[in-house]
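Next come two complexes built around subunit A: one with subunit B, the other with subunit C.
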Partner chain A sequence: MASPAVIDVNGLAALIAALQQEGYRVIGPIQRDGAIIYDEISQLNDLPFGWGDEQEAGMYRVRRREDNAVFGYAVGPHSWKRFLHPSPVVLWRARRRGNEWMIEEPVEDSPRLAFLGVRSCDLHAIGVLDRVLHHGSYIDPIYAERRESAFVIVVQCAHFTPRTCFCASMGTGPKATQGFDLALTELVEPDAHRFVVEVGSARGAAILQQIPHRPAEPTDVTAAEHAIAQTAASMGRQLQTAGLPAALLANLEHPHWDKIAQRCLACGNCTMVCPTCFCFSVEDRHDLTGTVTERVRRLDVCFTTSFTYTAGKPLRQSIRSRYRQWLTHKLATWVEQFGTFGCVGCGRCITWCPVGIDLTIEAAAITGREQTTEGVV
Partner chain B sequence: MPRRRRRPKLAVWKFASCDGCQLTLLDCEDELLLMSELFEIAYFLEASSAVVRGPYDLSLVEGSITTAEEVERIHAIRRQSRILVAMGACATAGGIQALRNFVDVEDMKRVVYASPEYVRTLEHSLPASAYVPVDYELPGCPPNKVQVLEFLTAFLQGRRPSIPTHSVCLDCKRQGIVCVMVAEGIPCLGPVTRTGCGALCPRYRRGCYGCFGPMESPNTESLSAWFLIRSGLAPQQLVPLYRSFNAAAPAFVEASQRYADPKSVQKAAESLGTHAFDQREPANGEA
Partner chain C sequence: MVKPAIATPAATNPFFPLPFLVISRRRETRDTVTLRLRPLSDVRLIAQPGQFMMLSVYGVGEVPISVSGLPRRPGELEHTIRAVGSVTRHLVALHPGDQIGVRGPFGTSWPLQLAHGQDVLLVAGGLGFAPLRSALLAILRERWRYRQVIVLYGARSPADLLYRRDLSRWLQRPDLVLRITVDHPDQYWRGQVGVVPNLIRQVTAFFEPANTVAMICGPEIMMRFTIRELQKHGIPDERIFLSLERNMQCAIGLCGHCQLGPFFLCKDGPVLPYSRLAPFSEIREF
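Here is the complex of A and B:
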């Protein structure tokens, strides 16, 4: 691939415009409702210039930064699954005409999406979803279509403190090395606010050609590497992954599960914010007369009783059993099922748990392993 | 749908309530005409003074049971109804008027009425299910018309209604609403409250008031401990939080009574091992 380039803030504006010109809807970070979320970007000024965040277990606050960094924040409540694995979706509709049913498949004009600001953990999360919904025996056409057309612009993690992150433990970051079209590393110097651009694909190279850029100097590349290394060195959480699946599965009756169950609300927030949790339920809806039926798919979570409702009752009646299912799936049985962990270390489930349950602490307690994290109280 | 020989007879009954649930039915504007074709609306005084005698195929009951006469009436309705559905927070949990369940009703009468001697009332305001078997409950203050229509549709088709009992949180997340509790420190009952409103309050950056009552597995003890420690609420502030439209729902009764006694707070905190909680964010929503 091409050697690294450098663009400035105007180049970033040109990048957004070039993608729009190519027919992409650009999805990127926006500061709204007290968080940095992902939504459609129409122009450069939509991006969260000068906004950062502070995160701890069960706590998130947007904060004004002292500099004007565009990507100076850790991942927020939204992830890209929101756009790749949308919910709800009407799968088909049936209309009764006399004694016959006419089946209609809704013709969805699947949008061409460009994701601006994909972090390495989230790129790996998309990889996990690919394995489940795209590359396995059962291909989900809704996911596949959106995924294949998606233009991925990674932003390497720099200039923020990754308090609830543990991508370094999971081997999923903070630097993305492949699987993107373009990757930006932001360098926030007062007189030289710029982005080092790595090219990861032919279409990435083609877009770069359309925007003003210059070749990267060795000093640019060194500064970028340094910024990413700082993030790697300041990870707020750790998880010992060696032998973890076996250690968890050997402790299914550990008394600590009961302690977690005392705190767990079974509200489903961890699962909803998880960038890899893909479970959905399918339901038929009817109008009052029973002449129109819709089959609707929507995201579901393993924390509800309806999730395991079978033959008259839910199988996992206690919160303990539901939390245990979630954690052991993420960190143990997912490996058997799909060959990777179901966790990429993004830390969203830690931050967005309303009562601050931290899976790195819980997994360590259950497996009796050392937990050495300065962020833990 | 197979042609029915006879339209099912629908009755809508009112007990101690504000009529809001009946208004939810009338609010089904696009479907109202269709409803009147598909059902024989036999008793619905809010809509029509024309009354058809029972028995009824489906009775929707609004309001809580608060007087001896109402106890007799709910039994009479039950006897005449094939399916009886309690609709709304009053009929399913006793309503806001169940606040009197926590005090001496005689005291309350004297405070509220100029001539309390004319008021004949039971000590407690209770849901229909406290007196008669109830076939289905539609929660909410008021119920959601989408859920009401889903119930009526399921009834007509003879299938189970698909009405979720999980937390409000799932619907916040499905809509991409940023959590008001995590991002702003606002105490929110969403994690212990049953969904149904479409996450109305969090959408407008307010905490959930619990209008739909407890969700399927409400862990109020854990949520309350978090409110005390992280949202900076005093124990006595937790009591009114749980005592609103669904004050007499058993899970919320337990939750409010736990903090009616201040000594219980320390005990609850200890039992939860709150040393694991991060205490660095004492502010109540202020950054």
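Here is the complex of A and C:
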């Protein structure tokens, strides 16, 4: 691919405009209601200039940064799953004529999306969803359509201290090396606020051609590498992954599951914020006349009792069994099912758990392994 | 009669049900019926015994239901359904001429090939007879391929017995060992009383454990005791096949509801050899 380039803040504005020109809806970070979330952005100023965040187990807060970094925050409560695996969606509609039903595809033009600000962990999470929803024996048409057209702009992790995330342990970051159209590394030097741009696809190269840029100097590239290396060196959490699936499955009756169950509220926050949790439920709804009916699917949460409702009762009644299902799926059975962990180490489930349950700690306790996490009391 | 009306986008979208017509309805028990279905389109859905279909009642919902018979004409389906909740109640209330939606077939099938040249032991509890009936019909159609064929069937009460016409015919067959038991007899019941696993020791003379393939379907507790009994008589775990039930919302490995450890029971199951399930079988609520 093309050698790296450099754009400035105006170049970033031009990038957004060029994507819009190409017919993409640009989705990117926005500071709203006290969190950095992902939503449609129309212009440069929508981006969270000068906003960062603080995160710990069970704690999230946005805060003003001392500089004007655009991407100086760790991942927030949203992930790209929101757009690639949307919820709810209408699977089909059926119309009744007499005794006869006609099934129609919902007429909804699936948008072409450009994701601006995809972190390496989240890029890997999309890779995990690809395996689940796109590369198996059955393909989810809704995911496939959105995924295939999505334009992916990575932003490498720099200029913040990762607290709850552990991508380095999972081999999913902090630097994304492939699978994107463009990748930006922000450099927030005074008077030289700029972005080193790596090109990952022909589509990416074509967009870069449309915006003002200059070739990257060796110093730009070194500065970018240095910024990412600093992130890698300051990871807040660790997880020992070698042999982890077998170790977890060998400990399905470990007493520590009961301890977790005493704290876990079964609220399902962890699954909702997780960029790879894909489970859904399906229901029918109909209009009052009973002549039009829709089959709707929405994301579901394995922490509810209804999730396993079988033969007249929930199969996983206790919270212990539901947390165990979640954790062993993420870190053990997922590997057998899809050849990868179901966890990319983004840390969202740790941050957004109201009681601060931390899967890196729980997995270590259950498997009797060394917990080397620093910064955890 | 309703005419085929619908273009079938099912090839591209695995969530689209195909239109089928109910062509017959046979009442089995107070709450259970057997429906025969005929496709309203040109698409033929060919299900193997043990596989299941997703049956849709428009506006109500969709549920997994095993095939309980063999097609009399190409593309036909037969299902036995017990009314237990909203969708199954509607299914049981359908009549010839009504339209329903069908997706499938899904999942693994009974190991009929493996059973060629072997003794075959089918153990059914309650509605678990539905998926095993299609296996039995397939076996009887090619009876010469198998050695002894033994069927053990338990129901709650005489009134809960499914497929009475079949049962009385099968009881006459010299090439089939059929034993029936009920938990709660009524005043007319002359047959055996007790749970199905207890029947196994009555038929041990008929099978050679090392050359037997066992297929079990029924309530979980019944399957548990049956497995123990079969193990006791020397049938190896990899020759004991079960059909398992879980909540299923998609049947195509995408919704996550049907998981049991590493398995998605909608595609890795519902029929699995006990040898693969054994590591998890003693883990409660797994």
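The rule is simple: the second predicted complex is superposed on the first by the 375 of 377 C-alpha atoms of A that agree within 3 Å, B and C clash if a C-alpha of one lies under 4 Å from a C-alpha of the other, contacts with A are read in each partner's own complex, and residues count from 1 in each chain.
The working rule: a contact is a pair of C-beta atoms (placed from the backbone, for glycine too) under 8 Å apart; a residue touches a chain by one contact, two chains touch by 3 or more.
All figures in this text were calculated on a predicted structure; none of them were measured in a lab.
*Asks:* A:His78 in the overlay: touching subunit B, subunit C, both, or neither? Say first, second, both or neither.
*Replies:* A:His78: touches subunit B, not subunit C.
*Asks:* Determine, under the contact definition given at the top, whether A:Ala94 touches first (subunit B), second (subunit C), both, or neither.
*Replies:* second
*Asks:* Quick one: classify A:Arg263 as touching subunit B (first), subunit C (second), both or neither.
*Replies:* A:Arg263 contacts subunit B only, not subunit C.
*Asks:* Looking at A:Arg194 after the superposition, I want to know if it touches subunit B, subunit C, both of them or none. Which is it: first, second, both, neither?
*Replies:* neither
*Asks:* Touching A:His329 in the superposition: subunit B (first), subunit C (second), both, neither?
*Replies:* Once the two structures are laid over each other on A, A:His329 reaches subunit C alone.
*Asks:* A:Arg119 contacts which: subunit B (first), subunit C (second), both, neither?
*Replies:* Neither partner.
*Asks:* Using the superposition on chain A described above, determine whether A:Gly290 touches subunit B (first), subunit C (second), both, or neither.
*Replies:* Both: A:Gly290 reaches subunit B and subunit C.
*Asks:* Examine A:Ile103 and indicate which partner it touches, taking first as subunit B and second as subunit C; both and neither are also allowed.
*Replies:* Only subunit C is touched by A:Ile103; subunit B is not.
*Asks:* Jot down the residues of subunit A that show up as touching in both complexes, subunit B in one and subunit C in the other.
*Replies:* Shared contact residues on subunit A: 96, 283, 285-286, 290.
*Asks:* Enumerate the contact residues on subunit B facing subunit A in the complex.
*Replies:* 1, 31, 34-35, 38, 149-150, 152-153, 156-157, 162, 164-167, 169-170, 173-174, 176-179, 181-185, 188, 190-192, 205, 215-217, 219, 221-223, 225-226, 230, 271-273, 276-281, 287
*Asks:* Provide the residue numbers of subunit A that touch subunit B in the complex, in ascending order.
*Replies:* Touch list, subunit A to subunit B: 32-35, 37, 39, 56-63, 76-78, 82, 87-88, 96, 259, 262-269, 272-273, 283, 285-291, 298-299, 301, 303-306, 319, 351-356, 361, 377.
*Asks:* What part of subunit C is in contact with subunit A in the complex they form?
*Replies:* 2, 5-6, 9, 12-17, 19, 56, 58-62, 84, 97-99, 101, 219-220, 245-247, 249-250, 252-257, 259, 261-262, 264, 267, 279-280, 283-286
*Asks:* Could you please specify the touching residues of subunit A with respect to subunit C in the complex?
*Replies:* 91-92, 94, 96, 99-103, 105, 132-133, 136-141, 249, 252-253, 278-286, 290, 293, 295, 297, 300, 302, 307-312, 315-318, 320-321, 324-325, 328-329, 333, 336-337
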